[in-house]
Structure formats: C-alpha cells, structure tokens
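Below, each structure is written out as structure tokens.
Okay, so subunit A shows up in both of these, paired with subunit B first and subunit C after.
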Partner chain A sequence: MLSNIGISLLVLVLILSFLIIYNASLDLKISSQSVKKNIYKLSLFQITFIILSFFTLIIGFINSDFSLINVYENSHTAKPLFYKIAGTWGNHEGSLLLWVNILVIFSYLFLVFNRNHDKKFRLYTLIFQNILILGFLFFLLLNSNPFNSIYPIPLEGLGLNPILQDPALAIHPPLLYVGFVGCSIYFSAAMASLLSDYGGKLFAQSIKTWVKISWCFQTLGIIVGSIWAYYELGWGGFWFWDPVENASLLPWFAITALMHSLIVLEKRNTLYAWAIILCLLTFILSVTGTFLVRSGILNSVHTFASDPSRGIYILSFLSFMIFSALTIFFKKYKKENYNFNLKSKEIFILANNWFMAFFLVTVLIGMLYPIFLDVLINEKISVGPPFFNIVIIPLVIPFMILMAVGPKFGWIKSKNKIFYKALFLILVAGVINLFIFYFFGKYSLLSNLIFIAAIFLILHSLLDFKNFINNKNKLELPRIISHLGFGLLVFFIGINHQFSLEEDFNLKVGEVKKTSAYVIDFEDISIEEGKNYKAIIGNFKLTNLKNNIVQYLNPEIRIYPNPETLTYEAAIKTKINSDLYLTMSNVSRSEYYNIKFQKKPFMIWIWISALMITFGGFVQLTLKKNEN
Partner chain B sequence: MLTKKVKNRILFLFFIFLLSIFAIFFIIKSLNKNILYFSSPTEIKEREDIPFGKAMRVGGMVKKGSLIINQKNIQFVVTDFENEILISYSGTVPSLFAEEKGVVAEGSLSDKNFFIASRILAKHDENYMPPEIKEIIEKNAK
Partner chain C sequence: MKISFTKIIILSFAIFILGIFWQGLKTNKNYDTKNLVGSKISNFQLSEINNHQQYISEENLKKNNYTLINFFASWCAPCRTEHKYLLNLSNSKKEIKIIGINFKDKKINANNFLSELGNPYDFVGKDIDGKTSILFGIYGIPESILINNELIVIKKIIGPIDEIQFNEILKLIQ
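Up next, the complex of A and B:
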C-alpha cells in the first residue's frame, strides 16, 4: 500500500520536473518580464508531492510497515517511537529521499524569493536545479528506492544499528543535508548566471543568502557530528581525520571561501569567475564526498551497507555534472580585469581564499592518496592524523593573524595605522602566552606561536566588539562573532591538547587504581533494563588527589538484542573548566574490564566557541536586507 | 616593451606559481613521512626492510584462545592463517573486537614477532570485514 503511494508520488515529482524544464524553456523565449504563473504552480505541486512522499516513508517507519524492504532492514517494532522516526534518514535510501526533498525545497524557495532578479537567470536556475532533481530521482527510483516492497511480509524488522540510537541522529543528518544539498541551488545559479549573462554584483546578491544558509547548516552539522563522535565513539577525541570527516570538510572549505569572495563580488564587482568556480566546486565536492562514502571506497565510522553499483551511478552523474559545468564555464568565460592594492580588504579576502584552497588541497590529497596507491600499485596504506596536523596547523598561525587584521582594512586602499595597533596586540598576546607557558606547563615552539596567534585574534575581535558597542554598525557583528569564535576554538583546542590527561588500564570489579591525579575505585557493577537494551553499569568512585573531591562516574556497556550488538557508553562529567571522561569495555566476558580514563580541560568551551562561529552566520541571516 | 602593470602581473603570477610548487612539495613530503603501511603477519615475517618503531597497521584474525588480559594490557595473537604476530595493547577496545573476528591494529613493531598497538580498529559490523583482511584470508584459504 505505502509502497504504491510512495512510488506514485515520486513518479509524479519526476513528471513535474520534466514539465517544469519544458515550460521554463518555453518561457525563456517570451520576452515578458515575469515568470509564467503555471511554472509557480508546477513547482508548488512538486514540493508538495515530494514532502508527502517523505511523510509516507516516515509513516511506514512509525507503523513498522515491514512490507517496505527499507523499513524491514532498518527498523524494529520494539524500537522507541523517536528512533523509528529518526531512523527514516538513518539509512542510505531514506537519506537519499531527504536529499531529493532538499533539492526540491531549495528549488522552490529560490524561485519564490528571487522575484526581483532577471527572469532568464531565474528560469535557467530552475532548469539546472530540475536536471539535478531528475538525476537524483532516477538514482533513487532505479537503484535505491526506499519504497521497494517485499513479499511475503516479514513479521519483524532487522533493527537499527544501536550506535545510531541517539538523539543526535534526529538532527545531525538533516543539518548536514540542508548544508550540503543546499549548495545545489547556487551550483544551478552559477550555471544559469553564465548562460544568461547575469553576473557581477546582482548575481552575488541573488545567491548570498543561500550561501549563508548552507554555510550555517554545514558548520552546525559538522559540530553536532563532532560532539556525537566525542560522546559515542568512546575515544574521547572530537576530530579523527576520519575519511567521512574529511569529506565533510572539503565542501566546507570551498563554501567558506565562496562566502568571503561574494563580499568582494558584491562590493567591488570583481572576482566573478572565481566565485563561479567556487559555487560549482562546493556542490561537486559535496557529491564527491557522498560518492566516496556511499560506494564503500572509503571506510569510516559511517558504514552504510555499501554497494558498488551506487558508486558507479553517482560517479557517472558526477562526471556529467563536472563536464557540463566546465564546458559552460569555458565557453562563457569572459576576461576580467583585476586591480588590487596590497593594502586593501580585497587582498585579505583573497588571502583567506588561498588558505582555504591550501587546506582543501591538503585534505583532498590526504584522502585520495590511499585510494590511488591501492589502485596503482596495490599497496595498502592509510594516512593518519599526524599528516593533517603537520601540514595544516602551522598554516593556521598566519591565517589567524590575517583573519584579525583583514577586516579592519578599507576597500581599495588603507592607512598604516592598522599595522601599529596589530603590532601592539601581538605583543600583548605574547605576554599572555608567556604567562600560560610559565605557570601551567611547557610546550613546543609551534604551540607557542599558535597560542600567540589565537590570543591575538581573540583580543583583536574583542576590541572590534567594543567598537561595535560604540558605533552600533550591525554589519560588523556577525564577522566579529564568527572570527572571535574561531580564535577561541583554536585557543581551547590548543589548551585541551596540551593539558589533557589519559590513562589506560584494566581493572577487576572491586579493584582500585591510583593514577597521578586521581584514585579510581571500581566499586561494583549493576544491571539495568533499558527500553530495548540491557545495560551493564560500572560504578566508579574517583577521588581527586589534590582537593579530595569525590565524584562518581557510570560508564555503560549496552547489549542490544536482534541482532545482539554491544555499544559502550562513555561516562562524562562536564564542568566549566574540564571534562572527566571514562569508558569501559569488556572482551569475551573476561573478569578484567578495560578502562580508558581521560581528563580533558575546557572541553565545553571547544563546543561553545565552535557554536559561536555558526552563531555569527545566523546573526548575519537575521540582518534585514536594507541593513545588509 | 612591457608596461609596469604587465610586469607586476607577471611577477605576481610567478610568485603564486612558486608558492604553489612549494606548498605541493611540502604536502607530499609530509605525506610520505606520515603514511601508515598496512601489513599482514606474513609480510612482516618475510619482508627484510620492515622498520621497527615506525607507525604502521597490522591486520588479520584474532586467534582463538590467544587473548590474555592482565592489569596493564590486553595481549592477543593475530593470524593470517600462515603466520602470526603477538599484539599488546592497553585501553578500551571497540565493541566488535573478539576472538575469531577481524581486527586492524595501529602501532609499531618492537620486533618481528611483537607489535605494540596504540589503537584498535574494528569498525566493521558482523557482515562486513575490512577489505585488507578479506583479501589476505581469501588468498591464504586457497
């Protein structure tokens, strides 16, 4: 039943896409200024049907309708309602339906909210967006249909991977999807802009809101994923340079560069070609990331049951996208004149772009190198975190300094006064760093430089904030918040990295372990029944040797039935100045439990500063058009 | 002749070119220093040039009955059904780590028969096996 409804709705969306493309190309030839009414109507139908199809799938999951293969494979009647719903997008097919949903929603919103822009440009954008919709819809229907039915109908489902049974599943994927698939709209807009000759300033104005929206969601999605990894995976870290994390960073670098270039394009009407390249690149990288992860070429914490045929389809569609994008770009590309003064804001924004490009290339090489080596000489290697840390971290130092100074420069040309102020602040930052170095612990020269640069950026942003309070120039606020957030993020990551404690050992129940700072007493274990799992809860008493404060930590080993799976839940005590992090595991019911104990200073501040970066973006979105 | 503007531009482009060459060189160099080679126990036994103390990965099956856990660490034997290597590790293990299951350990060799792991990877589910291990096992099963 649901299977038929769902497939019919998807086919309707497919037909509507063709109709929209057809009508839009007819309308292109008519010289009136407004887009024909029927195109709006078709788009409204399209968005309605696609959202209905998504709700159909959700209903299938809520009712545990195992006549759908997708529900059978990824759900279970005993699962709490919350995870039944969130499970809809916790698998390949469901998440692809969400993907198509977002393509359609952005297509509709772009059409409706850009009425004051050139008609040809809007129609071309609509056409390209619908080509993308068609591409992914065909993929969905032919290869990964969430509405495929199964007969005879199974009585019970296979269940959702226990590691996904977490509140974060409800928000992490949708956020990222809005962020990554949202990029599609300015991929289409960039192609449309080339074809309709609607470039420069007006183009920048038409896409900047969309760029900001997808930037905010991408950033937030990555942060939520990072927090989730921190408490779920039990390693106590928050960034592992895992292939999937790298795949999410690539479009993020491109979009961050784009967001900054658009300012130049809007204010100075230059860098058009570069902005177009970034528009195209952002979405292409988003799809590439999806391709690498879903095809099973890269292994990571996100194990979608992989299937090579998926990879082949996405790869061919991706090549088609890149090929047509490049063809149109080189056919329509017009030479631009660049005239930049060295002491101008433009140069600093360009510098930001170079850094982003460098980071992007580094991560891309680190990610693809193992694949190439495997294909070419059949050598199995992996690229570990040290590579990324060594290449990226030193570059963050000049990056942060430019980030602080850059925004203070005016357009076209500026005075030298800014340099003196910066020099003074660097000295202050150096003194603060010396203070930390002297009183809290010694660290390497590189770390010293990072702390100085981060403190400099923080101080500079705080001064800018003080100026903002005086002159109330709202345009500055989002930038100040985000840049301050970045400075704080690097600073707290640095502190966290330098001053973390980690102890690994094995304990029997009842044993006591004395570490350098804590006495850890494994008092006992208890067994509790969860909603759909059994939990073995360890009871640990931690005594701080310095001040004798006693704390209890309760890590869990959860045993999920059907199929029997274990997950380890870390016990985390978050305080304003540090996190205590304790995980326990058990192999083959040995009487020894493996314990990992960590003390991580300022963990919560890493999250707060990362969220600040995103918050800046959201503040920018709330600024009204006339202020912007 | 070249105007000042054109000259500046050529200089600028040259500068960018040099910078990118330098950047790529830097990336490749760090890459070569930091890649982790994956070896099977047999490769470790047979290869002469295997470095001791350098980070690498070893993979295979955890041998049945080889698991020993004491206060400090976890020890187990990894086998590819031809050769074996003893691995020592301290810390928590992934939930899928068990005897007779596939495992990848990251760490360094202390000698040809003893590997000290700093990380255990067993991110696969019950139906899935890391491609590296699958290949080894298929090869040795023949």
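Up next, the complex of A and C:
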C-alpha cells in the first residue's frame, strides 16, 4: 500500500521534472519579463509531491510497516519513536530520498525568491537544477528505491545499528544534507549564469543567501558529527582525519572560499570567473564525497552496505556533471584583469581563498593518495593525522593573522595605521603566551606560534566587538562572531592538545589504580535494563590527588538484542575547565576490563567556539531579512 | 572553443581522477579467502581435544597424500548438514585423512556432537578462542580446506559441503 503510494509520488515528480524542463525551454524563447505562471504551478506540485513521498516513508517507519524492505532492514517495533523517525534517513535509500527532497526544495525556493533577477538566468537555473533532480531521481527509482516491497511480510524488522541511536546522529545527516545538497542550487545558478551572461554583481546577489544557508548547515552538520564521535564512539577524540570526515571538509573549504570571494564580486564586481569555479567545485566535491562513501571505495563508519552498481551510477553522473561544467565554463570563460592594491581588503579576501585552496588540496591529496596507490600498485596505506598535522597546522598561523588584520582594511586602498595597531596586538599576544608557557607547561616553538596567532586573532576580534558596541554597525557582527569563534577554536584545541592526560590500563572489580593525578577505584558493576538494551554499568570512584575531590563515573557497555551488538558508552563529566572521560570495555574471557581514562581540558569550549563560527553565519541570515 | 594548454591539463586531470575511481570500483575491496587456493599452509600446531599431550603439526600432514581440514562446532547448524558427506568421505577408503578443528566450542558439547552424529575425523584439534582458525584464513564456519602432501591448498570450501562439492573433492583426490 505505502509502497504503491510512494512509487507513484516519485514517478509524478519525475514527470513534473520533464514538464518543467520542457516548459522552461519554451519560455526561454519568449521575450517577456516574467516567468510563465504554469512553471510556478508545476514547481509547486513538484515540491508538494516530493515532500509527501518523504512523509510516506516516515509513516512507514513510524507504523513499522515491514512490507517495505527498507523499513524491515532498518527498523524494529521495539525502537523508541524518535529513532524510528530518524531511521528514515539512517540508511542509503532513505537518505537518498532526503537528498532529492532538498534538491527540489531549493529549486522551488530559488525560483520563488529571486523574482527580481533576470528571467533567462532563472529559467536556466531551473533547467539545470531539474537535470540534477532527474539524475538522482532515476538513481533512486532504478537502483535504490526506498519503497520496494517485500512479500511475505516479515513480522519483525532487523533494527537500526545501535551506534546510530543517538540524538546528535539523528540530526547530523539532515543538517549535512541541507548543507551539501543545498550547494546544488548555485551549481545550477553558475551554469545558468555562464549561459545567460548574467554575471558580476547581480549574480553574486542572487546566490549569496543560498551560499550562506548551505554554509551554516554544513558547518553545523560537521560540528554535530564531531560531537557524536566524541560522545558515542568512545575513542576520546573529536576529529580523526577519517576519510569521510575529510570528504565533508572538502566542500566546506570550497564554500568558505566562495562565501568570501562573493563579497568581492558584489562590492567590486571582479573575481567572477573564480567565484563560478568555486560554485561548480563545491557541489562537485559534495557529490564526489557521496560517491566515495556510498560506493564502498572508502571504508568507515559511514559506509552503508556497499553495492558496486551504486558506485557506477553515481560516478557516471559525477563524470557527466564535471564534463558538462568544464565544457560550458571553457566555452564562456572571459579573461578578467585583476588589479588589486596590496593594502586593500580584496587582497586579504584573496589570501583567504589561497589558504582555503591549499587546505583543500592537502586534504584531497591525503584522501585520494591511498585510493590511487591501492588501485595503481595494489599497495594499502593509510594517511592519518601526522600528515595533516604537519602540512596544515603551520599554515594556520599566517592564516589566523591575516584573518585578524584583513577585515580592518578598506576597499581599494588603506592607510598604514592598521599595521602599527596589529604590531602592538602581536606583542600583547606574545606576552599572554609567555604567561601560559611559564605557568602551565612547556611546549614546542610551533605551539608557541599557534598560541600567539590565535590570541592575536581573539584580541583583534574582541576589539572589533568593542567598536561594534560603539558604532552599532550590524553588518560587521557576523564576521566578528565567526572569526572570534575560529580564534577560540584553535586556541582551545591547542590547549586541549598540550595539556591532556591519558591513561590506558586493565582493572577488575575491587581493584584500585593510581595515576599521576588521580586514584581510580573500580568499586562494582551493576546491570540495568534500558528501553531496548541491557547495560552493564561500571561504578568508578575518582579521587583527585591535588585537592581530594571525589567524583563518580559510570561508563556502560550496552548490549542491544536486535541484532546483538555491543556498544561502549563513555562516562563523561563535563566541567567548565575540563572533561573527565572514562570508557570500559570487556576483555574476552577474563574478569578484567580495559579502562581508558582521559582528562581533557576545555573540551566544552571547543564545542562552544565551533558553534560560535556557525552562529555568526546564522546571525548574518537574520540580518539579511531585517535589511529587506 | 580555443584549445589551450591549461584546458588540456585540467581535462586530463579530471579524466585521470575519474579513471582511478572507475578502476577502484572494479577491484574487490573485500578480503576474500578463496584467494588462499595455491598458497602453502605453515606454522601450525594443534592439541587434541581430549588429550593435551597429543599434538598435530605440519610434519604429520606431509605424510598424507591428501588432507581435508574441516572447521566445525557443535553450535553450528550447517555443520550438521555437511556431516554425512564427511562420514562418506572417511568411509570411502580413499587416500585422504580428515582433520577436524573444533572452533570456539565446549569440550563436552563437541564430544556429544560427535557421538550423536558419528566421528569422521582422524584427528580432532581444539581451537577454543578461534585464533588458529584465523591463521588458516577462516572467517566463519563451516569451512573446509583440502591440501596435498606438499601442504598446498588445492580447494577451499566456504559454507557446508554439499553433493556437488563432495563429488569435486572425490575427483581431485583420485
């Protein structure tokens, strides 16, 4: 029943896409100012049907309708309602349906909210966006249909992987999808802009809101994923340079560069070709990431049951996108003359773009190199944190300094006064760093430089914030928040990295372990029944040797029955100045448990400063509304 | 469209990356133990399930023309279905010895299993934690490996032995 409804809705959306492309191409030839009414109507039907199809699938999950293979494979009647709903996008087929939903929603919103822009440009955007919709819709219907039915109907489902049963993870995919798939609209817009010669300032204005929306959601999605990894995976870290994390960073670098260069395009009407390249690149990288993850070429926690035919389809479509983008770009590319003064805002924004491009290339190489080696000479290597840390971290230092100074410069040309102020602040930052260095512990020269640069950026942003309170120039606020957030993020990651404690040992019930700063007493274990799992809970008493404060930590081992899976829940005591982190795992056929104990200073501040970066973006979105 | 150096570079770069991806899709990522056919068994020692003093190692196997190493457990349902073929094989008077490796099992249960269904094995080795079996490239049971007197794997059967595979084994050891 649901299967038929779902498939019919998808087929209707498919037909509507064809109709929209057909009508839009007809309308291109008519030289009137406004887009024909029926195109709006068709788009409205399209968005209604696709959203309905998504709700159909959600209903299937809520009612545990196991006649749908997808529900059978990914849900279970005993699952809490929240995770039943989250199960809708917790699998390949369902998430692809969400993907198509976002393509359609952005297509519709772009059409409706850009009425004041050139008609040809809007129609071309609509056509390209619908080509993308068709591509993914065919993939959905032919290869990954979430509405495929199964007969005889099973009585019980197979259940959702327990490590996915976490609130952070339930919202992580939708956030990232709005972020990554949202990029599709300015991919289409960039192609349309080339074909309709609608470039420069006006093009920047037409896409900037969409770029900001997808930037905010991408950033937030990446942070939520990182929070999930910290709390759920139990490895005691928040960023692992895992290939899939890297895949999510690539479009983020491109989109961050794009967001900044759009400012130049809008204000100075230059850098058009570069902005177009970034628009195209962002979505191409998003799809590349999806391809790498879904085809099973990369193995990670994100890999769904892999199926080579999926890889072949996405890769064909990706190739089609890349080659059509290149063809149109080469055909329409006009050489621009760049003439920037060294002491101008433009130069600094360009510098931001060079850095972003450098980070992007580094991560891309780190991610692709193992795949290339594996394919070409069948050698398996893994590129991990050492590579990224060595290549990226030193570059973060000049990056932060430019990030602090850049916004102070005016357009076209500025005075030297800014330099003297910056020089003074660098000295202050150096003194603060020296203070930390002497009172809290020694670290390397590189770390010294990182701290100085980070403190410099923080001081600069704080001063800017003080100016903001005086002159109330609202346009400055989002930038100040995000740049301050970035400075704080690097600062706290640095502190966290330098001053973390980590102990790894085996204990059995009743034993006591003395470490340099804590006494850890494994008092007892208890067994509790959770909603859909059984938990073995350890009771640990921690005594701080410095001040004799006693704390209790209760890590869990959870046993999920459907299918039987163990997960390890870390016990985390979060405080303003540090996190205590303790995990236990059973050592097979022994009464000992493996204990990992970590003290991580300022963990919560890492999240707060990362969220600040996103928050700046959201503030800007609200400003946009007030302006209009 | 003018053909310039930059364009060619960018195009070939795109083609190169996409080409690698295509190739990457074709290569099988999953570790497949079927590839073990043709490789040589080495470095193993197993103690008898009921008698710790009694060992079997590669030296013993070199004396047999053919050896079938079968991995089984009392808790494994498909092991029951293949059992009659193992019995047939051991009764066939062919020049083949059958070694059973009892995988992650309890001694009592394993002995009950063999007294209930019959014992086709010339030697039953124990592998309580499954580590020895992993050295043989086993990832689930039942699995069986047929080796010759040079200890080279000539056939590997993943899953229970059935009629077809039983006949193939007979053909190979003629």
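As a convention for this text, the second predicted complex is superposed on the first by the 622 of 628 C-alpha atoms of A that agree within 3 Å, B and C clash if a C-alpha of one lies under 4 Å from a C-alpha of the other, contacts with A are read in each partner's own complex, and residues count from 1 in each chain.
We take it that contacts are C-beta pairs under 8 Å (C-beta built on N, C-alpha and C of every residue); 3 or more make two chains touch, one makes a residue touch a chain.
These figures come from a predicted structure and were not determined experimentally.
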| item | value |
| --- | --- |
| First, second, both or neither for A:580, with subunit B first and subunit C second | neither |
| Which of subunit B and subunit C A:372 touches, first, second, both or neither | second |
| Superposed model, subunit A: greater residue contact from subunit B or subunit C | B |
| Contacts of A:319 with subunit B and subunit C, given as first, second, both or neither | second |
| First (subunit B), second (subunit C), both or neither touched by A:542 | neither |
| Touching partner for A:362 - first (subunit B), second (subunit C), both, neither | first |
| Which superposed partner A:436 touches (first subunit B, second subunit C, both, neither) | neither |
| Contacts of A:291 with subunit B and subunit C, given as first, second, both or neither | second |
| First (subunit B), second (subunit C), both or neither touched by A:383 | first |
| Footprint overlap on subunit A, where subunit B in one structure and subunit C in the other make contact | 299, 588 |
| Touching residues (chain side subunit C, partner subunit A) in the complex | 1, 7, 10-11, 14, 17-18, 20-25, 27, 29, 129 |
| In the complex with subunit C, residue positions of subunit A that touch it | 291, 295-297, 299, 306, 308, 311-312, 315, 318-319, 322-323, 326-327, 330-331, 368, 371-372, 374-376, 378, 588-589 |
| Residues on subunit B engaged by subunit A in the complex (per definition of touch) | 23-24, 26-28, 30-31, 33-38, 55, 57, 67, 69-74, 90-99, 106, 123-128, 130-132 |
| In the complex with subunit B, residue positions of subunit A that touch it | 161, 234, 299-301, 303, 305, 358, 361-362, 365-366, 369-370, 379-384, 386-387, 390-391, 504-507, 563, 565-568, 583-585, 587-588, 590, 592, 594-596 |
